[in-house]
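Look for chain A in each of the two complexes below; its partner is chain B in the first and chain C in the second.
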Partner chain A sequence: MGFRSALGRRGRRVIVLGLDGVPFTYIQRLVAAGELPAFEELIGAGAFAQMDTTVPNVSSVAWATFMTGRNPGKHRIFGFVDRQAGTGQFFVPNSQTMVGSTLWEVLSAAGKRVFAMNVPVTYPPRKVNGYVIGCFLSPTVEKAAPTAQIASALTRMKYCVDADARIAHRDKAAFLVHLDEVYERRLEAMRHFWRQERWDFYMAHVMETDRLHHFFWREMEADDARFAPAFLDFYRRIDALISEVMSWIDDEITLVVLSDHGFCSIKQQVFVNTWLEGAGYLEYADRPDAKGLAVLAPGTRAYSLDPGRVFLNVRGREPQGVVAPGGEYARVRQEVAATLSDMADPDTHEPMVERVYLREELYSGSYASDAPDIVLAMREGYDPKGAFGRERLTFNDDVLVGMHTTPDALLYVSGIPEFDRRPHIVDVAPTILDLLSVPVPTDFDGRSLLAA
Partner chain B sequence: VSRRPNIVVLILDSLRAAQMSCYGYSRVTTPNLDAFAREGVLFRRVFSPATWTIPSHASLLTGLYVSQHRIESIEAERRFNEAIVTLPELLRRHGYRTAAFSHNPLFSPSQGLGDGFEEFHEMDGLAGGRLDTRLFAWLIERLSGLPRALAQYGRRRAAPRLTLDAVHSWIARLPAGAPYFVFANLLAPHFPWAVPGRALARAQALRPRYLLRRDFLTLKDNWKFNAGVEPVTDAHRDAWRRLYDAAVIHVDQEVGRFLTRLRLRPDADNTIVVITSDHGEMLGERGDVVGHVLTLHDNVTHVPLLIRHPAYRPGLEVETIVQVHDLYATVVDWSDVPTGTVPSAQLHRPTFDQAIEGGPNSKDYAFAEEDYSDSYNLLEKLHEVNPELDLGRFPTTQRMVRSATHKYVSYVGGSGDGELYSLVDDPSEEHNLLAPGAERDVSVLTHLANTLSTWQKGLELFPPRSIASEEGLDDVTVERLRALGYIP
Partner chain C sequence: LCQPSIDYSGSDTLVKPLPSRQRFDPRFRGATRRIVASEKETETESSESDEPSAPGSAAESAEPDEKAYTPEEEAEITKRLEDLGYL
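Take a look at the complex of A and B:
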């Protein structure tokens, strides 16, 4: 009897723990050093592997891909910021923008009781059989909550939607204290809702790791006397959480742990629009108070948004588009892709771009036409930025010191010896459905990682 | 009493001390509370720091004055400063079970006042209470053909009992040995008054003609009177007085019933009961003011405080000036919880025990504030009701200092110089010694004005957090995301 038949019994339940931005290799390193005993025990009791994530490797795209089991061409979340069709204004896509049934909606339809808390792109909470508590995009705790009762419970716990990153810009030490506080309240809420009901599916997401990395990754790598110990300390608290969650599980419960991308130190922030301007593809309109794409002069043929997403200024698509669809589009896109692949660090002359993707290489589905025309995969340490109006191509004196990487997310599933192949984040939802013996929707792009 | 006594706090909303027989009212309105005072301690000179629910409850829960915590907006967009540790939060952290019960929609987690309560029961529905009272309320509400007003009456009338029953059953359900802190708001003395017939009869308020007069039955339209659109007549004052009496009689009965049940519990000897109010009420007195607005008159700020504490000498009456939010330091002291994380400003006020030990002290002062310059702009509302009204005569901010013998109210904005009363000769504050032509006692005035400004300057401030209410991304969220580098 294989593990699948052992696991596929009725009554199986799943706990998912999301650890934003925790790199597989970093956990491996700490476990090898004996710093994370709970993780070590965990890894011994299931499959643990490095996982690929989405391009671009931002949380909103990665978690939308996780929860829908589909590529961005189907779920329509391509980045943290996008431009509105017609007006060219910028907006932040949220759960209303996202297309397609989520993992918890599929489970709900199968009659399972589900709970998910704080998973990116779940604000505003959509209806499920159970509760979804919204993510860091929620302006208030009340709005993150699906019901007044939950709002009141969260408020009582002083639950915090997200750490306030503005503090880090004023005082990094104070931010660490604040981050601990937010994390503690998150844990309190996790425990509260875990105890509340016998969920078939329970997921809680920790955002604090990502916040820690953005502001302290370089210090951790440099073994900074002030912050490296605090960094490690935070991971010990994560380890304590793992230990606590392990105490919740029994034979009926499978524990899944995953992150959505890896992390590395920033060498340079790279202002892609500055490169495009220098290469003659982008001009600014002389309108200092303009918003959205209105900052661009009509002669612009290409522009970039975070992180490394490049769009042509296409006639009929962008408000002041000039590039004609068809032959001209294909020709300009090839030119732009070629010039972008030449981007080099002005200080060291190292190439900064790992690979230039054309959108059809990455996305497929009904919304693939909303995707960026070109996506840059950068070499480690070069963080592509979409800011407009920057004079210099690069910048490396920011409070933000960590950036995401694509191949170093992690996935863990308890009770199985190994995955049947290298996991991609799109495969996690079908794997969970498989664990719970719920049929996988036919338009999912991912496939279960459990051996057949 | 053990080191960790149980603590029950009852807030009888909008109850002015002057309306209670134990505080010298000429009619017997509070026989049960009078008896409770005889077996406990009665504080004669008790003042609320604010004039309405939200700021006053925020003070009760934090020990801070209103200008320190600034939770005084009805828009529900403010939350306590992160540094503040609320009373239930502190107690809960140290092993107390904590619960709040509220029939006042403004004392609610949605106003940020639920922090630290393990459970917060908003008693606007029919939850809690014994089956018979629940059935009664349900019937009143559901019976077809009943006018809405009557249904509301039934619901409000049942609310004190439902609330107190819910408190009692919460306590009864707790495992033995766990100390508890329960904080309940009984809205009943607050208008519109929904009183059973018997209490109406006792207050001689059972008059059919009242039923035809909304302006008699509630102070809800106090704007009209305060804005001068409608005059306050003696008939109004008489009706309001009787109906308010009836409401006080009603809440007294319900509290009496609850106290009896509490006394029969095995943990009675280890349970401290505190009964007080968040503010009083004006029934068309001085200057025809109606409701708990616009003035820091004793009718609004002088409230009851009765405590049954197993270690207190029964029947003691305390003359020392205290404030309701001294509750914070007092409960911290009673429960003996560590206060390492509590900002010292929250513990600045003396405890009730210290007030008992200290005896009357001429250096005792109470302070209170009423501020329309912030988000609660009552003057705008008055102007809306009566565009002719000269708003210039109203101060936007009033601050009161009150000693045992004098009261001084400073004005910011408005045309007057403020108010000064010599309370020994003029207990009902009819003769403002700062009015043009009045004879002012300069040394008293200077002393009180200095006391007030010293107090004000010494306040440590805890600016509230604001939570935005717009859909989508508010400015703060945008700034937060920008700080993460998510938005250029």
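Take a look at the complex of A and C:
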């Protein structure tokens, strides 16, 4: 008999804590240094492992994959921006455009009471047996709330949907103070809603870690005299949150902690469209006011959206498509993939691309045809951007200094000795369903990580 | 983004001491290990759970009542994503 025998008990409950962009290896390092006593305690009482995430390793794709248990070819979230079929105008994918039942919707159908707050791509909040409070893609606090009563409570708590990154662009020190305040308000909301009801499933998501990393990761790594101590102090606060959540746990509750990607310092931001232009695959229209794909001239054969997603300008798919489906598509795609794999740092001549994926290598399902034709996995430090009209291939500054990495997300589950294999973020939802003895939908791509 | 907005001016102290309620409470040291032990003890007592019916894909999202964003809101969200380096 293993731990699993206890997991099928009636009344089993789960708390999930999402820590956006927290790397497994960074937690390991701080625990080894004795900086995170609560994490150390957790790790001694459950399975803790490095976890793989999606390609691309951007939060919208990763958390959509987490909450649906399905690959992006099924849930249809491929990035923070996408293009409208027919018009080529850009839009921000959200919970309305995400396809498939979420973890909390599956639990709702099984009669469980659920609560989820601030998980990326949960705006607008969809109906569940309980409440979902929308994520940082919510325009306002009021619109993030599923009911007027919850909107009122959030406003009373001075809740923030996200930290204001504009502050970081003006004054990084001020942004740290601001981030701390946003985090405190998030914690207050977490405590408030935890006390509201005896939830079968409760999830709260901390976005502030990702924001800290984007603006301070390089300073942390460089042991910057001013910002590195503040960075560590923020992690002590995360550890304090872990400690507090531990105080909520009773013997019915399993605690799950996960992140969606790792982090590293940026060496260069890489403007992929500049490379495509230089290689003769992209031309700009002479239309200064154009938006979306209208900025491209009809002769364009390939373009990129953030992060490292490359699309061919396919006839019948893009509004001014020129690449014929079939043989021409296959030939041009191979050509573009080959040229992109040659991208090198203009300063150091170091290769910038780790791997070039073709769509079918990453995605399957009804919406795989909406996916990028090519996806770039970059070498650490080279952050692919989808901006149009940049003259230089690369750019570096002291504001945005951290970027996502793929193989260094983390997963923790209390009360089990180990996972039965290396986790992938798509496996987390079926694992939680397994913990709660709820059958996994047959079209999930992930599989439970609990040993059979 | 915040409601009401935060007045963060007037502080240049980047490292603040943790409020006492947020420090690691030694009372919880060993707490999760005790939970594991408790589960081991109750293994033999566990009975078959009432399996809920398979949800399959029944829990599809509710039809949205309205579009997620007005054009102004979508422009604002796009700007936020740019400021975060996501575009």
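Heads up, the rule we're going with is that the second predicted complex is superposed on the first by the 451 of 452 C-alpha atoms of A that agree within 3 Å, B and C clash if a C-alpha of one lies under 4 Å from a C-alpha of the other, contacts with A are read in each partner's own complex, and residues count from 1 in each chain.
To be clear about the criterion, a residue touches a chain if its C-beta (ideal position, glycine included) is under 8 Å from a C-beta of that chain, and two chains touch if they have at least 3 such contacts.
From a predicted model like this one, the values you see are computed outputs, not experimental measurements.
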Joint occupancy of chain A by chain B and chain C, clash or fit: clash
Touched partner set for A:F388, first chain B, second chain C, both or neither: first
Touching partner for A:I249 - first (chain B), second (chain C), both, neither: second
Chain B versus chain C as contact partner of A:F80, first or second or both or neither: both
Contacts of A:G100 with chain B and chain C, given as first, second, both or neither: second
Partner chain in contact with A:V257 - chain B first, chain C second, else both or neither: neither
A:M352 touches, of chain B and chain C: first, second, both or neither? neither
Contacts of A:R236 with chain B and chain C, given as first, second, both or neither: second
Which superposed partner A:S152 touches (first chain B, second chain C, both, neither): first
Touched chain A residues, chain B compared with chain C: C
Against chain C, colliding segment of chain B, chosen among 294-302, 402-410 or 474-482: 474-482
Contact residues of chain A, present in both the chain B and the chain C interface: 80-81, 92, 137, 139-142, 155, 158, 162, 164-166, 168-169, 211, 214, 306, 385-387, 400
Touch list for chain C against partner chain A, complex: 1-4, 6, 8-9, 11-16, 18, 21-25, 28-33, 35-36, 38-40, 42-44, 46-62, 64, 67-70, 73-74, 76-78, 80-81, 83-87
Chain B-facing residues of chain A, complex: 80-81, 92, 137, 139-142, 148, 151-152, 155-156, 158, 162, 164-166, 168-169, 211, 214, 306, 385-388, 398, 400
Contact footprint of chain C on chain A as seen in their complex: 1, 3, 5-6, 8-10, 37-38, 41-42, 44-46, 58, 80-81, 90-92, 94-96, 98, 100-102, 105-106, 108-111, 123-124, 126-127, 136-137, 139-142, 154-155, 158-169, 173-174, 176-178, 180-182, 185, 211, 214, 226-227, 229-230, 233, 236-237, 239-241, 243-244, 246-247, 249-251, 255, 269, 306-307, 383, 385-387, 400, 403, 414-415, 437-439, 441-443
Chain B to chain A touching residues, read off their complex: 109-110, 112, 114-118, 120, 467-470, 472-474, 476-477, 479-481, 483-488
